[in-house]
Amino acid sequence: MRPSQRSADALRAVKLTRHYTRHAEGSVLVEFGDTKVICTASVEESVPGFLKGRGQGWITAEYGMLPRSTGSRMRREAASGKQSGRTQEIQRLIGRSLRAVVDLARLGERQIVIDCDVIQADGGTRTASITGAFVALHDAISGLIAAGKLAESPIKDFVAAISVGVYEGVPVLDLDYPEDSACDTDMNVVMTGSGRFVEVQGTAEGEPFSRQEMNALLELAEKGIGELIAKQKEALGL
Amino acid sequence: MRPSQRSADALRAVKLTRHYTRHAEGSVLVEFGDTKVICTASVEESVPGFLKGRGQGWITAEYGMLPRSTGSRMRREAASGKQSGRTQEIQRLIGRSLRAVVDLARLGERQIVIDCDVIQADGGTRTASITGAFVALHDAISGLIAAGKLAESPIKDFVAAISVGVYEGVPVLDLDYPEDSACDTDMNVVMTGSGRFVEVQGTAEGEPFSRQEMNALLELAEKGIGELIAKQKEALGL
Amino acid sequence: MRPSQRSADALRAVKLTRHYTRHAEGSVLVEFGDTKVICTASVEESVPGFLKGRGQGWITAEYGMLPRSTGSRMRREAASGKQSGRTQEIQRLIGRSLRAVVDLARLGERQIVIDCDVIQADGGTRTASITGAFVALHDAISGLIAAGKLAESPIKDFVAAISVGVYEGVPVLDLDYPEDSACDTDMNVVMTGSGRFVEVQGTAEGEPFSRQEMNALLELAEKGIGELIAKQKEALGL
Amino acid sequence: MRPSQRSADALRAVKLTRHYTRHAEGSVLVEFGDTKVICTASVEESVPGFLKGRGQGWITAEYGMLPRSTGSRMRREAASGKQSGRTQEIQRLIGRSLRAVVDLARLGERQIVIDCDVIQADGGTRTASITGAFVALHDAISGLIAAGKLAESPIKDFVAAISVGVYEGVPVLDLDYPEDSACDTDMNVVMTGSGRFVEVQGTAEGEPFSRQEMNALLELAEKGIGELIAKQKEALGL
Amino acid sequence: MRPSQRSADALRAVKLTRHYTRHAEGSVLVEFGDTKVICTASVEESVPGFLKGRGQGWITAEYGMLPRSTGSRMRREAASGKQSGRTQEIQRLIGRSLRAVVDLARLGERQIVIDCDVIQADGGTRTASITGAFVALHDAISGLIAAGKLAESPIKDFVAAISVGVYEGVPVLDLDYPEDSACDTDMNVVMTGSGRFVEVQGTAEGEPFSRQEMNALLELAEKGIGELIAKQKEALGL
Amino acid sequence: MRPSQRSADALRAVKLTRHYTRHAEGSVLVEFGDTKVICTASVEESVPGFLKGRGQGWITAEYGMLPRSTGSRMRREAASGKQSGRTQEIQRLIGRSLRAVVDLARLGERQIVIDCDVIQADGGTRTASITGAFVALHDAISGLIAAGKLAESPIKDFVAAISVGVYEGVPVLDLDYPEDSACDTDMNVVMTGSGRFVEVQGTAEGEPFSRQEMNALLELAEKGIGELIAKQKEALGL
């Protein structure tokens, strides 16, 4: 039995609130149960140095947690003077996931910067971030189209992410914090609307996992991501 | 006429939402119009090194802005590797303001860390932070009393803060961003419930100000802070 | 009775030595009693990036203390790898204070960098720095005029600064270190030659202060600054 | 046809040279074709702070590349003052992979620090690092047993790693740099001697990949890792 | 008697292996006994900012030690976030030594970056670095000539370096680690093929040394450097 | 002819002003002509971690230049966040030079921190620093004896430093900035009162130097240091 009483293949309550803050071109509050992340998309009419003059755009992401988004207070990264390895891993993952579904050449020489800031954490902050960030990105691109800066959308597909893991011997979907901190295997899966994989990151800090377990986990993830993409479409009115 | 159509002595709509996030001992969303700040108070059962064994507590504060809380995206301080001078000034101000109304000896050898994170900015983030942080601190201390860790409250008085300034020649209360970026004089005032000053920080980047202007600004501030403290009491049910 | 035996409204001995070091365009040793600060003004024929091509100049300031300018040795900021929040607050204050009395458009596209380095500290280092830096700035600008680079002075007014505070219940002028470390309220006031305020920064780490105390402190400050500006004029032979 | 003329399921020439440098308790030069990494294992008779007094050991890893291990010179991380996100990801991966096959309780309160330094890079540096580091770790632990500090080995299984990817539409094993920089999908797989997964990290910067492709890649990886573990056993004389 | 049984004026076995790694324009493994350093020379077709447009080239050097190149593990400088004073001293010394024998004007507007990375240390890493780096530099420049980018070599003379010291009262050549850590005086000498000095750095952490000792040390150094330059010529086939 | 009209073997005017600032246990302003350095010695009743419990003391040094001590303003190291390689070289040299003449065991478990801050530079700042720092150290140690904390002085000998160089083909003593920036060879020599060498650092960025030139330079240095030590004795009233 899961601590949250959910069935093994049940997501937590997922909520996507668009236009959550007012300045960003896209701004979404994403909630996976008690995990809450503000995802904004900021359009900048220039690209990083390594892309100058190459006629294509870029999407990058940054991630942070408010110091008391967690059960005990974490050190503020701005105060400690550097981002942890975990933070860097997550923000690189978010960026890659979004770039995988956007035709950067058709985006034009502009950059969209995604910021994912966790205001309350209960496991799954990176997967919630990707899922919410896609909606913020979609809004920012719709804004570019509405303003006549883009003729058509460079978005090729939807993308969402979910965690799966083996908790007390049972493969389960969408781990919350009590599960995440106790499970043997934790896998984050990023998939497109057409059911293809963008990222699969499975880790066993405890017992290594078998091929059968992996298959079971991937199936749970496919199911969950289908539901998340339905939520994204609903939020976007598509 | 003010851009927001407010009268010269009118605050923006002020809202204090307690228990805004679930992990912190005190957690308040404070809104001064479109300025929105999450203020949390975290209790730690130890004190910084310089206070070890001296039988008193400590209150300190950290401040941050989400990169896209503002009209154009700011660089993330965790990514740039240091907090700006402005950030440090503000967090030192918040800490001093709260310490001024707490009897640190009666707090016992524990530290309360305040985090003020701006999720949407429209001027006055430091004054909203102080006003909201006091409520979060009050909740954290009530929790210590409820848990039997403190016999009585070490809080000596209420404290709140407001900005005042000379905008197009007229002294006005509670500057929003359009006023703040255009005014000659900007003054942040921190006062207690009993009407005494904790901090007065007046700055003229434009035209220096006269003693009469200063007096007019201080009177506006007194009025505004009276209203803010009434809001704090209402939020706390006192 | 003050530790130094001064009357409540008496400054310490103030001395301004021009041409103190030989390389800088302006170089002043300022002494407020035992507080000694070297203030230099360096002219650079370029402006920071954010002002390029806008036809105006800039004045900025940096501040430091020699590690053993104080009673016990402080850590060298260059060795610890960052400037403290206090250092940043002070150097921002010095810069703002000087910019308030200079017409930056008439300065032309050049920058004047002020360096204030405390070689001996006994309280009031920031107010001594501002007072001495104005004289160094004046010399640097006179040099630009003498060299034919400026037709007329962009300096609009004099500026000086002094600390005031409530020490053992009595408002006093120009706090030295023993007073500064024991007083309830400490206020730094920056004023122009025409008697207008550029900055007022009053802080109560101890007991909050009343409006009457504030008024008394401002009056002391006005008197002290009048005397400081007379000293500046005398030093400059004006 | 692969640039190296290898068949799709062929590893590059793999070589493990033990006792490569003389100071470390374990020191291995691992070569996957032209990729060459020095892996050392250093035994320290203490554990990191978070493990003090908990009666268990720790294994951690650091990773670096010589600036000119690559085709064009990379900036030296020691000179730029920080490790890149990629470096941190890799060293966290190496550490997790080794910890997965060691019983940390039976290691005792000591730490083994793995250093993987790439002296020549041609793709697959992280998988070569893990494969070589296991051998260095094994030597270090054998040394502890020989010295009577450990009664029996805390190593539970072998571990090795390999990259697989979809290159020009074909799943291939052990990507070299020309393949790595051109492939659509890149997957790093870490497996134990008993054929279970420790890590699976699949990434599509180009075209997302299907479940069938994933299965094909995992099968290639299983084959490759079997061969690598045979090489490790041979090198260790087991 | 020296710990290594060498006579006072004997070098350790010196070996220079060219083309040690495959990417760099010059790549040499230099061995002074158990001290092993990889020296690479990387040609960059641009110069640092301070030399732009001045029609001359530049040679600079960086130095590092693998964390476990030494008897006990050193902290990785990339992880600690800065290079030690010792590292900076050594890399500045290597750069100056090489620049002293190259006509930078004839090198053209390009930079050659030398990287010296110690993979095993047993004393004398800086002198081995200079000696090996010269050979790597020579190869890089020969490559520029072969590619038609330079008409003739800008190298004016050979350069090599050796340490000498007073060990147990006796002047000795080429100190290894046991001697280096126990000697009173340690001197590093850099000389050209024509027998002139580029650098002499003598240090007494123990007993200060006399003029006679200095003379004896310089004579040993001259002898040793003559032998090293013969080795360089042999390695280069000159 | 030297730019300053001095004869080849003439020092600049040397002045040592004791008790220059009031807080430090030793405080000396040293002037070598227009080069002016404040040298303070601070006594701390503890030693660095690596010496804890070993019954001996330590002497260490830090060095800095005021940003406008030089002809054009240098970047403030505290603002740029790190000390340059040159700064670190110099402060390590000062520390070694002083430790060479002090019996650290007889100093007891305390540390003396030397700070050398250049307020005006005209060449030779490191040699002036060493020469002045010795006097500050002597005063600090006399204070320890006077306070009964030391029974007898751990100072074994005097120490001073001077630069010599080959300027326009002629060996000269005590280079000022115009000479220093134009000379071929620059050598810094640190010697004791008994005429033994503590450090010899000769560098040829221009033309390498011969053994004869080296001998001539060492003789000049011996003469100069004899005169400097006489000045130190005179300043100390010995």
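Quick notes on this one:
To keep things simple, chains are lettered A, B, C, D, E and F as they appear, and every chain counts its residues starting from 1.
Rule of thumb we're sticking to: contacts are C-beta pairs under 8 Å (C-beta built on N, C-alpha and C of every residue); 3 or more make two chains touch, one makes a residue touch a chain.
Nothing here was measured: the structure is a model prediction, and the numbers come from that model.
Common neighbours of subunit B and subunit D, listed by label, are A.
More than half of the residue-numbered contact pairs at D-E reappear in one of the options B-C, A-B or E-F, namely A-B.
The greatest centre-to-centre gap from subunit E, using C-alpha centroids, is found for B. Once the centre of each chain is set as its mean CA position, subunit C and subunit E turn out to be 50 Å apart. Separating the centre of subunit B from that of subunit E, both taken as means of CA atoms, is a distance of 59 Å. The mean-CA centres of subunit A and subunit D are about 28 angstrom from one another, to the nearest whole unit.
Multi-chain contact residues of subunit E (touching two or more other chains): 81-82.
Following the touch contacts around the ring from subunit D toward subunit E yields the chain order D, E, F, C, B, A.
Residues 82, 85-86, 88-89, 91-92, 96, 99-100, 157, 187, 191-192, 194-205, 207-211, 214, 218 of subunit B touch subunit C in their complex. Within the complex formed with subunit E, the residues of subunit D that make contact are 21-24, 27, 34, 36, 38, 40, 42, 44, 62, 64, 66-73, 76-79, 81-83, 87, 113, 115, 117, 119-121.
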